[in-house]
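Shared chain: subunit A. Partners: subunit B in the first complex, subunit C in the second.
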Partner chain A sequence: MSAPKSLRLISAFLLCVIFLLALGANFIAPYSYAKQFRDAPAAAPSAAHLFGTDALGRDEFSRLLYGTRVSLLLAPAAALLSTLIAGILGGLAGFLGGWWERAILASADLLMALPLLFVLLALRATLPLDVAPLISAMATFLILSLLGWPSSLRVIWAAARNIRESDFLLLARSSGSSPLRIIARQILPNLRPVLAAQFWVNIPVFILAEATLSMLGLGVMEPLPSWGNLLRGLENPSAFHANPWTIAPLILLILVVFCFQFILPSREDFA
Partner chain B sequence: MTGSPILSDGGAVKRALRLFLCKAVWLVAVILVGGLFGATLVRYGPGYGVDERELDPRLSQASVEALRGQHHQNASLLSYYGHYLKSAVHGDFGTSESTQRPISELIHQRLPVTARTVLLGMLSAWSLALFLAMLGQFLRGWIFEVCSTLLTGFLLALPSTVIALLFVYFRAPVFLAVACVTFPKLFRFIHNLLVEAYEQPHVLAARARGIGPVRIFLRHVLAFAAPALFALVGVSLSLAFGAAIPIEALTDSPGIGQLAWFAAINRDLPLVVNLTLLVTLVTVAGNSLADYSGQLAARAS
Partner chain C sequence: MLRKLRLLGVLTVFGAAAAASAQAQSGGVLHFCLHGEPKTFNPILVDDEAAENVRYLTGGVLIRLNRQSQALEPGLATSWHISKDGRMIAFQLRKGLRFSDGTPFTSEDVAYTIKSLMDPQLHSPTGDSFRSGEGAVEILTPTPDTVSITFPAPVAGLERLFDQVAMMSAHSPKKEMAVLGPFYISDYKAGSYVELARNPNYWKHDAQGRALPYLDGIHLDIQRNRDIELLRFERGELQLINRLDAESYKRLSKDSSSTPRNAGTGLDSDFLWFNQSPNAPIADPRKSWFRTTEFRRAVSSAINREDISRIVFDGHAKPAMGPISPANHFWFNSAIPAPKYDPQGALKLLAQAGFRFANDELRDKSGNRVEFTLVTNSGNAVREKMASMIQQDLSEIGIKVSIVTLDFPSLIERMTRTFDYDACLLGLVNTDLDPNGQMTVWLSSGENHQWNPGQKTPATAWEAELDKLMHEQATALADKDRKKAFDQAQQIIYEQQPYIYLVNRDVLTAFSPAVQGAAPTVLTPPAFWNADVLQLAASPQQGAHK
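Let's turn to the complex of A and B:
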């Protein structure tokens, strides 16, 4: 069931607002995400610290804004890379057929057979412990995108195969169009809705995967904030009772994932 | 009573056997390739070939050389992989670097805990998802659609780690956390499947002829949905095992998931890789069995 248009518009609007707030973190956030106020650890919300401070005295509101930026910039980047890989491989499998198709599909099935979170842990464990926070963030999302393409590949392959067997492609070939022209004028425009749908589907998946990994201490490294490592504040119930704003990253994450669920393209959009 | 169409037809038996063989070959291929992937990670991972015992001043030069020689024997990836496979066939998966205990012993200790959690979680999630999906077919209204979309959407938007934390706060059984993670995906799939099944022409014709809802469900809807439902059992097994890592890690449940997390935190690559292979074996075997049963069910119906 696809969401009503009004709900999709509201979701898109909310996502835009959150995205803009995250982009403007440098200007909106009152402090740097790493700045410590050693005289005010675990402080309650006040005029100086809107959402209070964490156990190390860092401003929660600033960290939330910067964390949102990390999650909302890197998850779409990872989704883009993942969709690109799936698009290239799925497109090749769909158009070339034969052994290419079998080999690509078998490798995708093989990768899908491996339990994602276990493989993520194994790959993440190969990274050195003293890796810089920004590198750890990029590595986390890179690993997610390198492991996340097989599920998209199946969908793109099916669409590409349909195009290969379509009458308009036969007509284009018989009229002497070059392969490059066929790809640019016939194939890519017809694959675009499927690629866009896979891109949107992957973003919340990667946001949630990063949150899970970071909460387990295997994602984005401190002091760089992300929604995942900000959620680690929830592990301490007493800190949560003292400062209810600790739950803000979770509310934002749920809101964003919900919005993504609502704005996902419906079947009618493909028609 | 007539015999099963699968068993009464020699060709069908051959097809079923071929299908089974295909699944078995696939399982072996996944394990071999997964093993190679794991061996590559361990062989080229940080710390391979470094033995802390070499720093022990009590060891003679000859002993240190002997230790180094052990590592040089498996210097190339293929010889390392061959050695690993040979040992694994004999039940020796090596030693955990962080706990200094045999990996097979750790797996033997932890697997029953995870198996119980995963099976109970799957059972709970399946019961609830089937019940609600069937209820949705009998109620058929926008209120049910909105409520179920919001509930499953909310659960899908929660990271499994947060669900685990909620279960720690409320001191609820761990398997229910696994059920909470798998339920929304199962429900959405089963619900859509039942909607599609009820829209089939033969189901509409049966309803028009006044056949009772229970009979329609058992004779026509379930027959249509059975192959996909069987396949979903395999998928749900993968989902439940995936959810076991964060849930067991945060609820302090001594299972495979917690062990994998502990191993990853401690950079114990041999342990992580062996656990990954074990879970791959279990989930691929489960998926293959579910697929095989589903295809047999499809042919029977």
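Let's turn to the complex of A and C:
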């Protein structure tokens, strides 16, 4: 069941505003996200610094805008890639069955059984060091998407399997439709709601995963901000007392996660 | 008959203990935390901080290093004498001392302890410092109060090493649990706590003749999480924090019910270095930059250490320029100039080495943009902040720095096996005043000679000179000669900057107002080095646990 239409509209509007602010960071942000005002570290909000400054004297408002851009652009990209992988593999497993199904599900189970954090640590350690912060951020999200597909695959596989055993597919097969035509005309349209739902669900999951990695110092590299490394400012409670705006990335994160949940299309929307 | 004698002996011990307890002031039980599980209670096998703290509180040593004055003081030995060749040390022991279980302390116990310490089968980390050459250690015990120990080769700074050697009983059935320090281990629950009780046979008395220690005991909670430790301290459940970071210190400073204390600049240092290893799989222009003295000196000059101290450490750190902190009174070379932030001077040095600064970019002779990656350990907010500040400082002279944080095992792998990194930012926890503890850092063959470890022959003339000076200071017998050699070594390190020292952190501690007699110091253990004279106020409002 989806959220009431008004709530969905508000959520969509808020997401649009946040996206636009993030995309226009270059024009809106008063300072570079890396500029350190060393005479004003951990400063309270002022006319010069709307949201105050962080522990190194960097403008919190500018960093929030740039950080939002990094998290909000890269997380959907990662979610799209992850859903694509899950869709292809889950669709194949569900539609073809047999040893294909067993091999793909076993691979997914294996990946799910691996402790994600240690896999990420190992992958990060093997990556070359000499990469720009933006490339490093993209690599982080790429790794997340390459490791994050198995849970979606299970859902997509279950849906594909139902379709495989459905009467309409039997009818299509008996009428002599080619496998490609069956995939294009029968399976994909019926999997669309599940794929869409997985895509929307994965976006906040990846945002949160990046935030967790950044909290551990493994996410987006300094000085490039992301919601994850901005949230590290909350590790220090006294900084929050001095400047309540340090909580802004957390509020934005919660807001965006809720907005994505509210605009999530229901099965009826696809019917 | 034998049984009667044993009973009499036990009664005598208990009687003495009771008499001693009656004289002493009852001081309550002090609560604080160990930050890990002690791996052993055997004093000669101690290799971790938690076990070291327990050893400090329970062990009796022949010579004690006064943590405040940094001078050596008589402990279980009233006097000592070192032979001219530096191989033999003779001790005169205090008379009539007993272990915590009542077993008498004699020269046989010293002989037993030293034999155990030097036993190659036991691999004692404490004993490693005494291993000066091939051959056996000879121990003579002419009387119960005198003992002489002869080593196969001279040991530099020999008497200072005895501060780490807690005496064990050769005859006590309690083995290493019989101790000569102010407290003994009365209870231990793995993963939870170590309970120490007052040693009734402790030899020290205060100026008024009262038996020490004042405290009835110490309860050491095993707690790795520093945040929980801080919360428990704020709630009054703990009365002491041995080490605080600047952030927690600031937080406690605002709380009137606790007393954070800054003992001053400590021995620990944070520094960065460039990878100069010939085996490093890094591009060639970088290798040649990193090996250029002017380049390293320019980077050092372009880093604003005052800002790092003020912003990252909230002022609780001192800009550093050399390997020895000014907190180390004897070994610090005061001739080394104080660090100076000088980006213009840095650019001049770089120009001398053929680098060109134009359009906010630094380029080498061949026109390559000067850039490198600085790695540090992930999850360490302080180092990450330092790296960010260095990044901005170096951008002022046109150097582009990328920061990468790696988990510690991956970092160590790169530092010691693959050498696949440009520059690294780390720190050194230094507990030893004597430079002999840093031999593996400064000798070119040393494993911890991080910029180019394990060299078969010194790669540069200055490293060869450094090797010579380090050997000289390690073998010279007179402190004056050792100091002269090590001062020269420090001068070379300052001129060549293989490590670019950044700051020496202050030693920050905290006490509840209930703790009386606290005098924090920069040497380990900073807060409870004088545990035998600490007292707790009787008032429950002040947080004393009776």
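FYI, the second predicted complex is superposed on the first by the 248 of 271 C-alpha atoms of A that agree within 3 Å, B and C clash if a C-alpha of one lies under 4 Å from a C-alpha of the other, contacts with A are read in each partner's own complex, and residues count from 1 in each chain.
Everything below uses one rule, namely that a contact is a pair of C-beta atoms (placed from the backbone, for glycine too) under 8 Å apart; a residue touches a chain by one contact, two chains touch by 3 or more.
As the structure is a computational prediction, the values presented were derived from the model and not from experiment.
The superposition on subunit A brings subunit B into a clash with subunit C. Of the two partner chains, subunit C is the only one that A:E222 touches; subunit B does not reach it. Using the contact criterion defined above for the overlaid structures, shared-chain residue A:P41 touches subunit C, although it does not reach subunit B. In the superposition on chain A, A:A55 makes contact with subunit C only, not with subunit B. Looking at the shared chain after the overlay, A:L250 reaches subunit B, while subunit C stays out of its contact range. Look at A:P133: by the touch rule set out above, it reaches subunit C but stays clear of subunit B. When the two complexes are superposed, the chain touching more residues of subunit A, out of subunit B and subunit C, is B.
Judged by the touch definition given at the top, the superposed model places A:S6 against neither subunit B nor subunit C. When the two complexes are overlaid on their common chain A, residue A:A125 makes contact with subunit B and with subunit C alike. On subunit A, the surface patch touched by subunit B in one complex and by subunit C in the other comprises residues 121, 124-125, 129, 216-218, 235, 237.
Remark: subunit B residues 29-30, 33-34, 37-38, 41, 44-46, 145, 149, 153-154, 156-162, 165, 169, 238, 241-242, 245-246, 249-250, 260-261, 263-265, 267-269, 272-273, 275-276, 279-280, 283-284, 287 touch subunit A in the complex.
Contacts from subunit C toward subunit A in the complex involve residues 247, 250-251, 254, 304, 307, 311-312, 373, 375, 378-381, 384-385, 387-389, 391-392, 402-407, 410, 413, 420-422.
Residues of subunit A touching subunit C in their complex: 34, 36, 38, 41, 55-57, 121, 124-125, 129-133, 136, 216-218, 221-223, 232, 235-238.
On subunit A, the positions that touch subunit B within their shared complex are 1, 110, 113-119, 121-126, 128-129, 204, 208, 211-212, 215-218, 228, 231, 234-235, 237, 250, 253-254, 257-258, 261.
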